[in-house]
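These are the structures, in structure tokens.
Each of the next two complexes has chain A plus one more chain, namely chain B in the first and chain C in the second.
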Partner chain A sequence: MPDTQVLVNDFLNKLKKRKIEGSQATARQTAELLRSVISQQRVPYTNQAGALIDAVKAVGEQLIAANPVELAVGNIVRRVLHIIREEDLSLTTAAIGGLNLSAVSDDENDDDRDGDSTLSAAAVAAAARSTLRPPSLQTLLEDTPVSAAVPQTSSSGGDSEGKSKSADKSSRSRKLKHDVIEAVNELIQDIVTCHEQIAEQAVEHIHQNEVILTLGSSRTVLEFLFAAKEKKRSFRVFVAEGAPRYQGHLLAKELVARGLQTTLITDSAVFAMISRVNMVIVGAHAVMANGGVIAPVGMNLVALAAQKHAVPFVVLAGSHKLCPLYPHNPEVLLNELRSPSELLDFGEFSDCMDFGSGSGSPLLHVVNPAFDYVPPKLVSLFITDTGGHNPSYMYRLIADYYSADDLVVQRRATAGN
Partner chain B sequence: MGAQKKRAAAAAAAARVSEDPDDLARQPLQAILLADSFTTKFRPITLERPKVLLPLVNVPMINYTLAWLEAAGVAEVFVFCCAHSKQVIDYLENSEWFSQPNFTVKTIESHNIISAGDALRLIYEQNVIHGDFVLISGDTVSNMSLTQALQEHKERKKKDNNAVMTMIIKKSKPSPITRQSRLGTDELFMAIDPNTKQLLYYEDKADHSKGTICLDKMLLAENPSISLHNDKQDCYIDICSPEVLSLFTDNFDYQHLRRHFVKGLLLDDIMGYKIFTHEIHSSYAARIDNYRSYDIVSKDIIQRWTYPYVPDVKFCGNRATKLERRGMYRALEIEQSRSAQVGSFTVIGYGTKIGSNSKISDSVIGEGCTIGSNVLIEGSYIWDNVIIEDGCELRHVIVCDGVIMKAGAVLKPGVVLSFKVVIGERFVVPAYSKVSLLQQPTVHDSDEELEYADNSSGTVEFSSIQGTADQSNGEMTSESSEAHKPKLGTGGVGYIWSICEGGQEEEWRHSVAPIPEDKLTELSEAMDDDQELVTQDRTALSTSGELISDSNASEGDDNEDSKDDSVYFEKEVEATFLRAVEENVKVDHVILEVNSLRLSYNMTSADCAGAVFYSMMKLAIKTPHSSASELQQNTANIITTWQKLLKSYLLEIDEEIEIILKFEEMCLESAKEFSPLFARILHILYDKDILQEDAILRWADEKEGADESDKVFVRQSEKFIQWLREASEEED
Partner chain C sequence: MQFDDQGRVNKSKKRAVFNQPEAKNRVELFRHLPQYEHGSQLTDLESKFLELDSMHPAVYKVGVQYLAGDVTGGNARCIAMLRAFQEVINDYSTPPGKTLVRDLTAKISSYVSFLIECRPLSMSMGNAIRFQKSRIAKLPLTLSETEAKAALCNDIDRFINEKIILADKVIVRHAATKVRDGDVLLTYGSSCVVEMILLYAHELGKQFRVVVVDSRPKHEGQALLRRLLAKGLSCTYTHINAVSYIMHEVTRVFLGASSVLSNGTTYSRVGTACVAMVAHAFRVPVLICCEAYKFHERVQLDSICSNELGDSNDIARVPGRPDVNSMDNRTNEKNLQFLNLMYDATPSEYVSMIITDYGMIPPTSVPVIVREYRREYLLI
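Take a look at the complex of A and B:
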């Protein structure tokens, strides 16, 4: 335990001081940290999943609080929790076998009752959804009876574990932790390779002689464009510079280095250029459950311009960016205000900020938000590592990756165990 | 597993050894943090708590500095504690700073250190600094990256062993009116070689009365180009080579980092040590030197210039705070009445309660405060656990921990309430006053360096707090304490400190309150005068608009400019006269000089007479005296010595009348001490044949028809005039 505590503190520090940039790096490091937390966690013979979930939740809570703006942290914590639940479930169902079909109906009743009693909108929605849900990837791979798996995933933990415990303890006592770590490893692998998986789909979307517009810089977009280029597609790219951080400049540099025909424009020129563009491809900071996108500032402007000229607006996002929260949820701090010095030079404007005279309150206020919110109706398509999806399909993806019990990580007393 | 780790570690060690030549350059960076400012600018607060632990937007200042050092890649920090060292050490021990990976904080404690120089000498003796280090004081807020500055420093060091220090500067324009930077420090003049960035001249205490600064002409001879700046702000972050410490040891009279060390190095051309500058542009750095910079830096933090060291980022274990619209930061568990209005750029700390109809704007409220209803808080800094009852008004003030303000109390701008003061009901604390439970130290060391003399006063303080509390509770109104203590209303506890010598008119410069409007206009007028002083030829600098008015001025007399001219002429004559007195210049020469001034200003001899007389009386009043009779004696002496000078301008009776009028004016305005002596001095002037009786009588006649208020002095010298009249009649 002390070992992990050091690791956790170290990571917390980095998060708090905003030392890790980019959601992919954050997601990977979070997953790696949680993996070591799980591997260090000593598991009791009874209620193993509960112990693991508790441990992960305890750490996850701190991580999320450390940097609430970086939604990827919360996403990964929830993904890991979901993995633990799924693994636990698959072991249980494997042990019980086909013997316990009657439990299905019981569990469904449980579901309804739980939803009513907690009165959480999210839980109700999740419960309702779960009955419609297609078999998740995990359950398909594990090759367990679909009918048994589906309702179980969303039922509140204690109940199902109570039943499962009675079934068989010894056979799965060591296996659970091992399986969970395996699954987390897969998750890390997914995060690491998400760029390639998204980029593989590039040729399906970018066609010969097209003009692509992008804003700012995103590694995913870069790889996507390269992949298309490597498949001998010839196309042109317009890069909006992405003020005030001007990461578009870096992107342009890299594109040119790979031999792509690139045009750099200011953000304000987007509307003028959009009529010549065939497709807008951008990266995202996070994708919300309603299909809305949190993206670098200026993106909403681009999306509106694209809508006006009926240009497809495509968002590339690795699955770690899928966030099970809704943008109206107060848990989600939507924006990060960065230093005004990115906008203007302090020295030049120091006389405007002399609070020593006048009323003492500054007349000049510089706001430098990092993110924009793009509503789902402006997005034409999401490309994730599992393929292209409509904004309205996001909630189903999310139901695949997360279990409803974990939506609120902070309130441990009410959420499940 | 373990074996593998060991092997990896060994491999890493081997790699390190192989890179040995580079390793010297990559030594872990050290820093010296002076947790003591060695000044008294934050008194009375610093009598009870060290400056570095004062909360800045609800986080102790030292945390900003440490967080920055950690982020900037410093591996080891030596915190030098002096005043209240125990508090600092206790705080650090309980904080998270001692348990950071890759960042060690060590404290060095000493009680008998009175300056930064002594502190550095002590650190040198301890022999803990091995390479380049960052020298910083614990009240600095920054978010700059050290990499580039450090690299520049190292490269210079490689080329030139004498480049011992790199000073971080930042552009910040000083206010042209108040001659001080936005941080409330004096205007700073720096001469920098634009090519090498070498610092050639540093002057933060320039004499503005003359409006000139003096550069050594050797500077101009030796350097092909020099750029002189007054728009740079010294961030007080220095990257030093280890030689700096030994320099301090060699020159045991170096006390102040800038005044002695920097200026000493710049003047000393034998050793040839050089200081360089590094200007930062996009990042932020500022030192909190006085109450004004406390205010300004707080506002910069709220405006996020110091990102990521802002309230909603938990950079040092501060409480979770959320940023809302219009720069409003709120911690959790705040109780706020629906009708309370919390305005923009406000920080509200954890667990604070705000009553109905209260208005708060541009302020920082600490943790656990209770604010009643109908309270007005504007531009103020309220620390933790303060109780403000209904109907109080606070504008631009600092209120420390545990203060209680009873209902209806009012704090005027610039007030500082130290810890646990109680302000009585409906009491109005006058502007710029400082209130503390501790009495003002009676023996005031004029030497700024001798600070925090009473380090061991922890227990003493406590007893004195008890004492005052007892006094007010037990109603033991002994006469002596009554005499010393202006009351703070019914139930008030604390002493209002008297403002120390000479500080009265300067108080507004460094307080938290914005500079009052009238001071600004006063200053801008004074500045106009100054400008004329510098240019002499006004047309050279004035804008075209002024030129037109200027040509008018030559015709119409009643112009602002001509009035300014006469004021300035008077000053110049006074200066000439004083110099003459000091240097024993012959009277004839003085007459010559004044004459030339008269010509250059196009003044009449009456003006000259007035001005000369004015300066004589000024001299008389400045000569030390204890009683009115002594003053009279002094005046008589001066008049006797310089009568020839005065007489040379008294060609006609008009000039003599001018003198009387001037004297009258002085008695009323600038030199009230003379007013009881008016008649007697008039008599002396008559005796010395400076004034003729005709002049005095005509003055008396002229005044006959004036207002009652104007006739004070006529009436005072009635007897004398009577006597004169009779004498002249007798002669007839």
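Take a look at the complex of A and C:
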């Protein structure tokens, strides 16, 4: 495990120093790191899913603490945990189907989410409910006859089953890790290709002679507009420059290189120009469980202006940006303040920032937040790689990707297990 | 002027004092407004200094100041122009065979068109010029030339004093009553009236904080920030994108205006509408501080029908950011346009109150003032 520890520390450093730009890159690197952690992790014969989950939680806790504002890290950690639970669940349901009624032994440990060796059908149904999925009718129906048979066979069947169980366990142990790693590979693939899937939907939303407004720069928006251009839609783009990072300039350059009519405007001119705009298309940093959006600073301004002029406000977000947390006081807790030097030249204002004058505190404070929160009522549509959704629907997508136990990623106290 | 009408454009070019190359890559929506390449204008005008014998040097000086951006702000521009006209009137002598009234009016008109070439007029300046011309037209014919000139200069002095300087003092007195202890006041850009209000309230001893919001490309807020800090006010500085972040703490918003139109729309520096909109969303009162001579009977619904376009190079270049500035050579790319709007129109529903020298009025009362008091001020 010294290998993974080095990798983990390396990644932690990068996160703390904010060296990784963008949620897609962060998500991909987190997933790859967790894949290495899982493949290096030794699993015991019993309770292997539990061991994997503990290992991932230990690393995940550190990763999230390194950069709490980068929500993609936490999302991927929770996705991987969910994958482990799911794979374990599917293996045990398959195992139950294989072993049939006689092989079921009564398991008193109700905490079967740790993936204990064999599970009764009742426990399977309970597990399915706990993972926010509706229990299948078959498991519900099988529940009654199986549990009736359980008390009789447990005593007699115990020993003979032990050997067959152990044989199953060893094959299952290899299979669990293998399945989990395959699923994580699929996750990485999804993260990397999320732009194409979103861009495929571009033609449904952009018609001819449209005028589109965007702020800052987002690779998803870029691919989206390119896809529409490929399909021979003609449209014009107003790009707001997105001070103080001025990413809008880079986006405008790329759009012009592809032959799109682009006009670069200042952020202060957004209200003036939005009356002539048909649609606002923007990217997001993260999408919260209530449908609210954490976006680069200035987005709330655009969203309010769009609402006033009844212009649809469309947010493009890959599924790795969907966070199962609810935003409490997002302007403060989910925000980062960047250096004031981006706004003011220190050389010109150094006399005003003097701590030594007067009462000892400077008269001048400079505020430079990195993110903005857009409430769900201002968003018209989310376009993710699974399709278009209302903000009120986003909480359901969480059930597909995350488990309810993983909302707080914290290593459980080992004594209490 | 209709800039999309090619005939008129050609006519005005013939009368033009100096050369103004039109900008390439004009934004389609703004074809009706003039847009020039700003790079060569100043040097061109300076080189023409000795050729312009018909131009009074005071007016020429003001024109150069406008073009270079040394004099900005509605009040400052208006005062500079009126002082230049005072010098013109003082130095004026009626040529033989012409009447004072007609000749002076024609001269003033030609000077005004020169100033328009340097920089399009603001509405306050338009009102002042109308006042000036009406005073000339109302001169009794019995006056001798020296008496007429003295009367006109007197009128200009009174206009500046009553309509601008004293009006500002009245506005400051009214507005200071709206500042309470513990307030956090937000202002955008740099308005001379708002600056006076803040300094006056500070002198009265009220305890408050100021938030200065600024934006590209002019960064006018930095000059205001410096002057406020020099007087000892505690300030927070931010850029317009962060207005939603900072609006939670703000209790009042004070904004200046270039003009207030008859439908209650406030016509002021671009970005004011954004700030007013966010303040409205956060239920923070917005107070516009504007002298009554800036009111106009025009109406406007959006910021596109009438505006001023600035230098597009200001948008293309970001000072101090070489990674972004590799865009610089792109100004010739035919698909890419830069839009540098100078003004925007804030709808009246975002404005809680307008503080003028006639008192504190709601935006719906602006046409009342224009109608009732306009006659009075023309008569003075």
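As a convention for this text, the second predicted complex is superposed on the first by the 333 of 417 C-alpha atoms of A that agree within 3 Å, B and C clash if a C-alpha of one lies under 4 Å from a C-alpha of the other, contacts with A are read in each partner's own complex, and residues count from 1 in each chain.
Everything below uses one rule, namely that a residue touches a chain if its C-beta (ideal position, glycine included) is under 8 Å from a C-beta of that chain, and two chains touch if they have at least 3 such contacts.
Being a predicted model, the structure only gives us computed values, none of them experimental.
After the match on chain A, would you call chain B and chain C a fit or a clash?
When both complexes are placed onto chain A, chain B and chain C end up side by side without any clash.
Tell me which partner A:365 touches in the superposition: chain B (first), chain C (second), both or neither.
So A:365 meets both chain B and chain C here.
After lining up the shared chain so the two structures overlap, which partner does A:16 touch, if you call chain B first and chain C second: first, second, both or neither?
So A:16 only meets chain B here.
On the A-aligned overlay, A:268 touches which partner chain: chain B = first, chain C = second, or both, or neither?
In the superposition, A:268 contacts chain C only.
Just chain B (first), just chain C (second), both, or neither: which does A:66 touch?
A:66 sits against chain B, while chain C stays out of touch.
When both complexes are superposed, which of chain B and chain C contacts more residues belonging to chain A?
When the residues of chain A touched by each partner are counted, C comes out ahead.
Applying the touch criterion given at the start, work out whether A:346 contacts chain B, chain C, both or neither, answering first, second, both or neither.
first
Where does A:44 make contact in the superposed view: on chain B (first), on chain C (second), on both, or on neither?
After superposing on A, A:44 lies clear of both chain B and chain C.
May I ask you to decide whether A:301 touches chain B, chain C, both, or neither, giving the answer as first, second, both or neither?
second
Once both structures are overlaid on their shared chain, how near does any Cα of chain B get to a Cα of chain C? Whole angstrom is fine.
Value for chain B versus chain C, nearest C-alpha atoms: 7 Å.
Please identify the positions on chain A that touch both chain B and chain C, taking each partner from its own complex.
Correct list for chain A: 345, 348, 358, 365-366, 368.
Can you list the chain A residues touching chain C in their complex?
Those residues of chain A that touch chain C are 241-244, 246, 249-250, 252-253, 256, 259-273, 275-276, 297-298, 300-301, 304-305, 308, 331, 335, 343-345, 348-349, 352, 358, 363-369, 372-373.
So in the complex, which bits of chain B are touching chain A?
Going through chain B, the ones touching chain A are 67, 71, 99-101, 143, 170-173, 175, 177-178, 180, 182, 184, 231, 281-284, 292, 295-296, 299-300, 303-308, 313-315, 320, 322-323, 327, 344-345, 361-362, 378-379, 396, 513-515, 520.
If you look only at chain A, which of its residues touch chain B in the complex?
Touching chain B from chain A are residues 6, 9-10, 13, 16-19, 65-66, 333, 337-342, 345-348, 350-351, 353-362, 365-366, 368.
Which part of chain C faces chain A closely enough to touch in the complex?
27, 29, 214-217, 222, 225-226, 229, 232-246, 248, 270-271, 273-274, 277-278, 281, 302-304, 307, 315-316, 318, 320-321, 324, 327, 330, 333, 335-341, 344-345
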